Structures are given as C-alpha cells and as structure tokens.
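When the chains are written out, they are named A, B, C, D and E in that same order, and each has its own residue count from 1.
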Amino acid sequence: MSFDIDVSHRRGGVVVGAAFQSGAGSTVLFGPSGVGKTSLLMMIAGLLRPDRGRICVAGRPLFDADRRINIAPEHRRAGVVFQDPRLFPHLSVRRNLLYGADGPTTLAEIATRLDIAHLLDRWPRTLSGGEARRVAIGRALLRKPDFLLLDEPLSSLDRTRREEAMQVIERVRDDMRLPMLIVTHDPEEAERLGGDQIIRL
Amino acid sequence: MTDELQAIVRLSLLIGGVATIGTLPIAFALAWLLARGRFPGKILLDGIVHLPLVVPPVVTGWLLLLAFAPTGPLGNLLERWFGVSILFRWTGAAVAAAIMALPLMVRAIRLSIEGVDQRLEQAARTLGAGPWRTFATITLPLALPGILAAAMLGFARSLGEFGATITFVSNVPGETQTLPLAIYAALQRPGGEAMVWKLAAISIMLSLVALIVSELLGRRQGRRLHVL
Amino acid sequence: AAQRAPLVLAAASMQEALSAAADEWAKQGHGRPVLSFAASSALARQAAAGAPADLFLSADQEWMDDLEKRGLLVAGTRADLVGNRLVVVAAPGQQAVVALRGKALGQRLAKGRLAMADPDAVPAGRYGKAALGRLGAWDTVAPRVIRAENVRAALALVQRGAAPYGIVYGTDARLAPELRVAGVFPPKSHAPIVYPLARLKSGRSGEAEQFRRFLLSDRGRQIMRRFGFTNP
Amino acid sequence: MTDELQAIVRLSLLIGGVATIGTLPIAFALAWLLARGRFPGKILLDGIVHLPLVVPPVVTGWLLLLAFAPTGPLGNLLERWFGVSILFRWTGAAVAAAIMALPLMVRAIRLSIEGVDQRLEQAARTLGAGPWRTFATITLPLALPGILAAAMLGFARSLGEFGATITFVSNVPGETQTLPLAIYAALQRPGGEAMVWKLAAISIMLSLVALIVSELLGRRQGRRLHVL
Amino acid sequence: MSFDIDVSHRRGGVVVGAAFQSGAGSTVLFGPSGVGKTSLLMMIAGLLRPDRGRICVAGRPLFDADRRINIAPEHRRAGVVFQDPRLFPHLSVRRNLLYGADGPTTLAEIATRLDIAHLLDRWPRTLSGGEARRVAIGRALLRKPDFLLLDEPLSSLDRTRREEAMQVIERVRDDMRLPMLIVTHDPEEAERLGGDQIIRL
C-alpha cells in the first residue's frame, strides 16, 4: 500500500483532513479550492501537525497520534513541490537544485529534461513563473525521495513544458516505482498521472 | 601620525574588534530566542538585554566595577579560577564595549531574523536538511544583511564607548585609553581643542571605513534577495 | 516681583557644600539658587559659549583664567572661595600610614594600583602629579597610576578595593569614613588648591551678586568648612 | 516617591518623548533615502547619520554647544528668528537626546523598509494608488514593526543619554537634570549609592514599560504579516 | 482597436517584447514559458519600462518612447491580475478587495460570484492557493478598470470555480466592453475567452 492516511486538523473554523488508502504508483487528489488538499500534503510532509490520526507511506509510519510517532520532516524523505515555488532566493538555480541532492549525478539529465539547463547560473528572482515551477520540480526530484507530494505541479506551464515535466514525473513513478500524491485540477492530467486512483475531497 | 596616536588607534581597533566579534554570537543567540522562542519571561529577557541602552553608561560602568572588583562576585571567580583580573586591562574595556553594544546588535539581528520567510525553512526541511543545516544554509544567510548591520552598529558603538569604560577600567594609556578617552582627556584641558579635532577626525574616519565596508557587503548580499 | 534665582555652575566636588549654602540662603528668604554640577571643564566651555549663567565656581584657576582672558567675567568679582588639601587614602586592610617622599609609596604599591584623577587633565590629578614629582615619588609611582575621570571616581575605585591607594581631596576623604587617610601632601608640594568664584557677564539674575557675597561672607565660609574645605 | 524624584521622572519622560517623536519623521525620511534612494554621496550621508554613534557623547555635546551658542551658527539663527536659546533648557536636552538616538532609529527603520516587498507596492500602483497613497497604505504599515522598534530604541536611548546632555546643557535641576544626570550626581557622592539604586530602578522600570508596550504593539502587527 | 503595441525590452541576455494590434474584446497571449508574456503585461501596466516602442490601449497612448509619453501606472487604469496573487498581507480580504474601488457598490456581487463572500474577514495568509487567486481577480475587477491584464488568472482553480471566474470575466468583457489581454496555457480557456484573437509569442 502506498498511502494509508487518516488525519484531521482544525484550521480556523473548518476541519480539514482525509481518510483513504491507495495502492502502488500515483494517486490524484481532486477537490474544490479550499477543501484542504494543500493542508493534507503539508501534514504528510510533516510541516503541519494533525490533531489526530495516522500517516503511513509505503508501509512506513510517519505519524501516529496514538503511538506518539511523529517523524521530523527531514527524515520523512518526501519530495515536495509546493503550490508556490519557494526557491531559495540567495542560492543560484544550480544550488537550489542540488540543495537536497546527494551529488550532482543526475543534475544534467533532469535539468535538460525540464528545459532549465540554460538557467543554472541565474538567480531565482530573475525566473519567469513557469521557469521557477520547473526548478521547484527538479529540486524535489534531485533529492532522491522515497515518495512525492506534488501540489499542482504543472500549473503555469505551457503545453510543451507540461508534457516534458509530465514525462519526467512518469519516469520517476515507473522506473523507481515511487508512491506519489498529486493535486491537480486538470482531468486530463489526473487521468494520465493517477490512472484510476483518484481521491475526491 | 605620532607613535602615541597610532598606539591609541590600534588599541581602539583591538577593543572594538574583540568586543564586536565576541558579542556577535551571543547577540545572535539572544536575537534568535527573542524572535523565534516562545517561553515565559521572554519580555523580561528582552528588557534585560536592553538595559545597557537605558541605564546611563557611567552606571553600567559602576555596576561592572562592583561585579569585577576583587571583592565582587565575578572578579572573585576570575581571580580564583584563572588568576586573572580584567580591571584596568584592555580586556575589561572590551567587556564594557561589548555590553554597551549588545542591545543594538540584538535588535538589528532580531529584526532580520523576523524577516526571514519561514516557508523557505520548511522547504529546506522537506529537502532533508535538519534544523541545524536549515539554520546554517537558509536562515543565517537570509538574515545576513541584518547581521552585518548589527556588526557595524556594534563596532561603531564600541569605538564611541566612553562612560562605562572610564568608570570601569579607568583611563590607562596603552591599556584602556581608547580614542574617546583620549578625546575626553584633551577636552579637559583649556586649549586642548586642536587635539580633540585630530582625534575626532581619526575616529570618524575609522567608522566611515567600517561603515562603507559593511554597506558594500550588505549591498552584494541584498542584490540577490531583492527584486530590483 | 519675585527675583529670578541665580544659576550657578559649580565643580562637581562642591556638590554637598554648595547645596548646603544654597539651602541656607533660601532659608533667609531668597529664591533658592539653581546649581548645576559637572566637571569644571564642561562648565567652563558652557560659560565660554555664552550660556546664560550667573556664577562660575571652578575647581582650579586655569579654567577661570581662560574665561577671564575671554572677557566673560564681570570685572572685580573674581575671588577665591575655598581651599582644599590633597591626601592619600588607603583601602581597609592596607597599612594606614605611608610616607609620601621618595620611593616608599611606589614600593608599598608593589603590584597594586594608585587611583587618581587623570594627572594630565583633571585638576586633582594635576595637583597630585606635581606633588609626587616634587617629593621625588612620581617616577616610581607613575607606572602604577590609574587615571579616573574625576576625583570621585578615583575615590570609588579605592572604596571598591580595585586600588589599594588613591589620591583625593581632603573633602572627598571625609565623605568615605571607611577609608583611612594615609598621608597628607605638604601644601608646598603643589600649587595652592583653590576654588575661584566669579560672576559671569551672561548672567540675568539680579540676586547673583548678593549670593556671591553671601558665599564669600563669614557665614558662607563657615558652611564650606563644615565639609572640610579650608580657607584659601 | 518624593516630589523631587517625580519632577526628575516627568522631565526625563518629557525630554525622551519629545526627542523620540520629533526625531521619528526625520529618521524615517533618512531611512527611506538610504533604503530606496540612489544618489551620489549616499554612503557619505549614511556616515554622517552614524556619527553620533561613534563620536564620544561628550564631543557631540561640545559640538552642539559650539553650534547653538549665541555666537554659533544655529544659536544665532534661533536667537534672531525666534528670540530663543536652547542652552540650559530642556529643549536643548531634547535636541541632544534626539541626535544621539538618530542613528539607531535610522538603522531600525531602514532595515524594515528594505524588508518591504516592492512587488506589493507595484500592485498598489496598478490599483490606482499614487506614490503617496502607496507609501501611506502599503509601505508604511508593512514597515511598522521596524518603526515601532525604532521608536522604542530611540526612547530608551534618550532616557539613558548622559554625556552629550551634561556637556551641552549642563546639569540644571528642573530643566536639564534627567535621570542619568541625577544618577551621575548621586554617584559623585560617596554614600550616594542608595540614591543611585533608586534612580536606576526607576529608569529601568520606565524603559521596561516602554519596551513591553512596543513589544505588544509589534506583536499585534507582526501576527498579521507572518505565516505562523 | 483595443491593443496597439510594439515594444521591446532587454532582460538579462534575452530581448523580450512583441508587436501586434488587436480588435475589440479580449485577446489571448499564448507562448512557451519564459518567452516574455509576463514582461509584456508589466510593460503595458507601466511597471516595466520598455527600451523602445509604444503602447496604445483603446486609442489612448500609454507609452511612446519617441514622443516621451510614459503614463504612471496609477493613471493607466489597468486591472491587473498578477501571476502570483500579491495580496496585501496587512489588510483583510475585504480591504484588499476594496483597495482600488471607488465604493463598496459591487463588492457583494463580485464576492458572491467568485465564491469568496465567506472569506471577507480573513487575513490573506490564511487563504488557500485558489482562494487567494480569486481574491486577486476580484480586487482587479473592483478597481473598475479601463482594460484588463490577466496573467494566468484561472490556474490553480478547480473546474467549478474556474467556470464561475470565467463567467465573471466574460460578463465584464461583454457588458462593459473592456479590452482584455489574457495569458493562458489552456487552449479551451483561450478559445472561450479570446475567440479568434490569439497572439503567439
């Protein structure tokens, strides 16, 4: 089982959360704006503490309120693409990409596939919206994560770049057989990346 | 510049430099606690840190004297454990300068830590960086302009420190007589104005150099962070 | 109409004595003079800048000379108010009597320090340096000297045990009963220690002259003596 | 608290308050220029603003005395235009406190202006706000934590100011004798320690109150701006 | 003529810009990531100064290098939706919405249509990605602009919200006949909003 999740968390007046289990490969998270998709991803990444419940990814318990398990975010080995790029403004694109990497082994390959090889020596603030998004995807992949959490990773990308990025993600999913949770509003994207595992919040 | 003047300048730089560099980590730790910590008595700590700013320097010097005198609690300890005394020594002058500079440095660093976007720190954590690496590679560099400003402020304040120094470690030429103390002595003599001007010009120049250096460093750092 | 009370700029070491005199003056039905105590140098500079003060009471002649040269004093009003003695005080536990002539003081100090006002700037320090020089003690003592901002700071250093001995005025020593006077400098060993008083041209109070005369009167001097000042 | 003490405290608060409030707009203007302006001589201006920090307070006081003496350039103007003099007056003490506080205030405000995201100002412009409205509704409130910190720093520094004040406007009870000057006077009296402690306790309490107020205001403001 | 534009601007190593004229109604700007779409919008809004050329919207010259015309951004009367929401963090959602408005006349209506009526008293930092985006759209519309510049306005919105927002924009376009320049990567969106006026960069 990839994701085995049952959590809830009170934010302001509303309670967000979800309970689902999903099989190997990727799972798509679908739901209206404000329903709590980002919150759920943050809980799985370890950045938002659930009020109750448990989180288990690929058989590894990451959080369990009852058993007092709460793995620190840096030990969860998640590859997270945030809804906003969150690039480090004081590091070059290259050093952003390598921040979580063990070595520069696959930098060139991933940079080429995401069409950001020409941007490596630039500063984040000079990137266009789509360029920043691709760097954020690259950074999460280069970390060699155990699983991926992608919050609308392909928004603000044009057709070609979207296709390229989607192929990179698919390769990671298929070659490395990584569990993957993807938030998207695009049915076509959902279909292709999630197959039949679609969770509606 | 005469030998005597050179010695005064060297001493001032030594004391200012040691005070600034020595205080920086302490100031940073305090600023961090005040910016990020949540603990009871936080406002009290904040208040204590600010004391050297409000209490007149002579009183601070006097309190230091009480504490570090051979019979005082700290002076007693230093004497027994290390067999040293900082009274009338340049080390004492550096302690006085450091204490006076501390509140300024803490404020500057605290403001810049509060300005660091914590979402970037979160991103670093998901990339495998523990709290320490996150701190060293994200928080610290992003707060760097403020830290530079703090160092510069602290250094300038140390160069100008007078009241606490003279009350605590007196005016010993070659040991505790910094530029301000030399200026004060000259100001006490009728007709000492020429000397005052000369010494004041030197201390102004020193701090302008420190200022320009910190400004240029800060700019280089700032260029990366800010949208032009 | 109520008279405007005089503003007196006075050396910090005159604090207690002059305040007592001002109280007495006020008891006689006058407005209490306003007293501003600081280092003589600071006060002299303020007077020299034309600040509107009525009387200046300096701790030494030099600053008064400076003002006189600048033509800021009302002619004929300069007079020496009081005199003082210069003494060596010893911290508790130190030998209570010490010879001031020759190398005795230097040897007694050994590794300890001698606290005194800055011998190159502050009046008390300059008197002390001159006296030690005349007595042949300066050369051995000089390396042990701690220069304080003023006499009272030197006194505090001895009181705190930071220095075993200090050179202060006789009046200061009286205010610190826990300290012993270990020696008195012979009056001939230094220039006379006098506190000159004069009226400033920038003054605006009609009572300034009267108060000046009161201070110089027998009654005034009597109050000063109570605090250990001598006749000039 | 005796009447005399109360008078000293009132005077200190008056001088500190007037100095802080009077300096705030000037400090803001300077901070703005230094943060956003691009002009030749910017580093020089920065240096001049910092001078009161490096130059020993007594020298600053002496320079103020030269400037505001009846024959000095500024004193002359004040005398001729308004027929007033600030020598020996509480207004002079406020001027001294203001000048000593200026560099601290400019630094704090400058850091916070530099922290304002200029893309938000751009958004305001497209929404029809001219440079002034943008400034008043976006830049100013976003820089508010720093401005509060600056006011607090300035007030604390003013309450503690000693050297420049006593040199410039003397130690006139009821007019220029602030807490630090009263403490100094007490410190000059052997046996005056009890009074020193009392006065020091009062000035510490005053600044703690100022600190807590600014801290609470700053927190309220900060809560809105920062991600929890 | 709605937009009559011919500008260029050097950014780092590349020169971005465009030259086109378009008729009444809305125009869609289409092009790969990093080609200069956002830069062009910023030039029209008055936030980025072109190195050369001219900008004329609905017959009004906003910029002309030769004639030394350069209207200040606040007088161009543009309604701009930025690629990132850029909400004012110190103002409530309500005050964000009203920042450029003459009065609160249409606040309620637009808030309802954009499904943000329940968020009016919240602070921007508590909004989800899609909520913030909708507030940004509302803020631009409430300014009663003479023309609209929308940089991927519908990304990160779910189907329903996207449909609602699209309808609001269409109404503004049709009722008030506002010229409108829209950046989008979605062909369907392009088709519906831009009709046949599609500029490819």
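Note that in this section a residue touches a chain if its C-beta (ideal position, glycine included) is under 8 Å from a C-beta of that chain, and two chains touch if they have at least 3 such contacts.
The structure presented is a predicted model; accordingly, all values stated were derived computationally and were not measured.
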item	value
Common touching chains of subunit D and subunit C	B
Angle, in degrees to the nearest 5, of the Cα rotation that carries subunit B onto subunit D	180
Approximate Å spacing (C-alpha centroids) for the pair subunit A, subunit D	50
Distance between chain centroids, defined by C-alpha means - subunit A, subunit C (Å)	79
Distance from the mean Cα position of subunit E to that of subunit A, given in whole angstrom	29
Averaged-CA centre spacing for the pair subunit B and subunit A, given as whole angstrom	45
Sites on subunit E at which at least two other chains make contact	84
Subunit D residues counted as touching two or more neighbouring chains	58, 62, 119, 187, 226-227
Residues of subunit C engaged with two or more neighbouring chains	45, 156
Which pairs of chains touch, using the document's own definition	A-B, A-E, B-C, B-D, C-D, D-E
Subunit B residues touching subunit A - in the complex, by the definition given at the top	119-120, 122-130, 134, 137-138, 141-142, 221, 224-227
Complex contact set, residues of subunit C against subunit D	7, 9, 12-13, 15-16, 34-38, 42-43, 45-46, 49-53, 150, 152, 155-156, 159, 172, 175-176
Of all residues in subunit B, those that touch subunit D in their complex	43, 46-47, 50-51, 53-59, 62, 103-104, 107-108, 111-112, 114-115, 117-119, 145-146, 149, 153, 156-157, 159-163, 179-180, 183-184, 187, 196, 200, 203-204, 206-208, 211-212, 215, 222, 226-227
Touching residues (chain side subunit C, partner subunit B) in the complex	39, 41, 44-45, 62-63, 65-66, 113, 115, 118, 120-122, 146-149, 153, 156-157, 160-162
Complex interface listing, subunit E residues touching subunit A	11-12, 30-34, 37-38, 83-84, 122, 126-131, 134, 151-152, 155-162, 185, 187
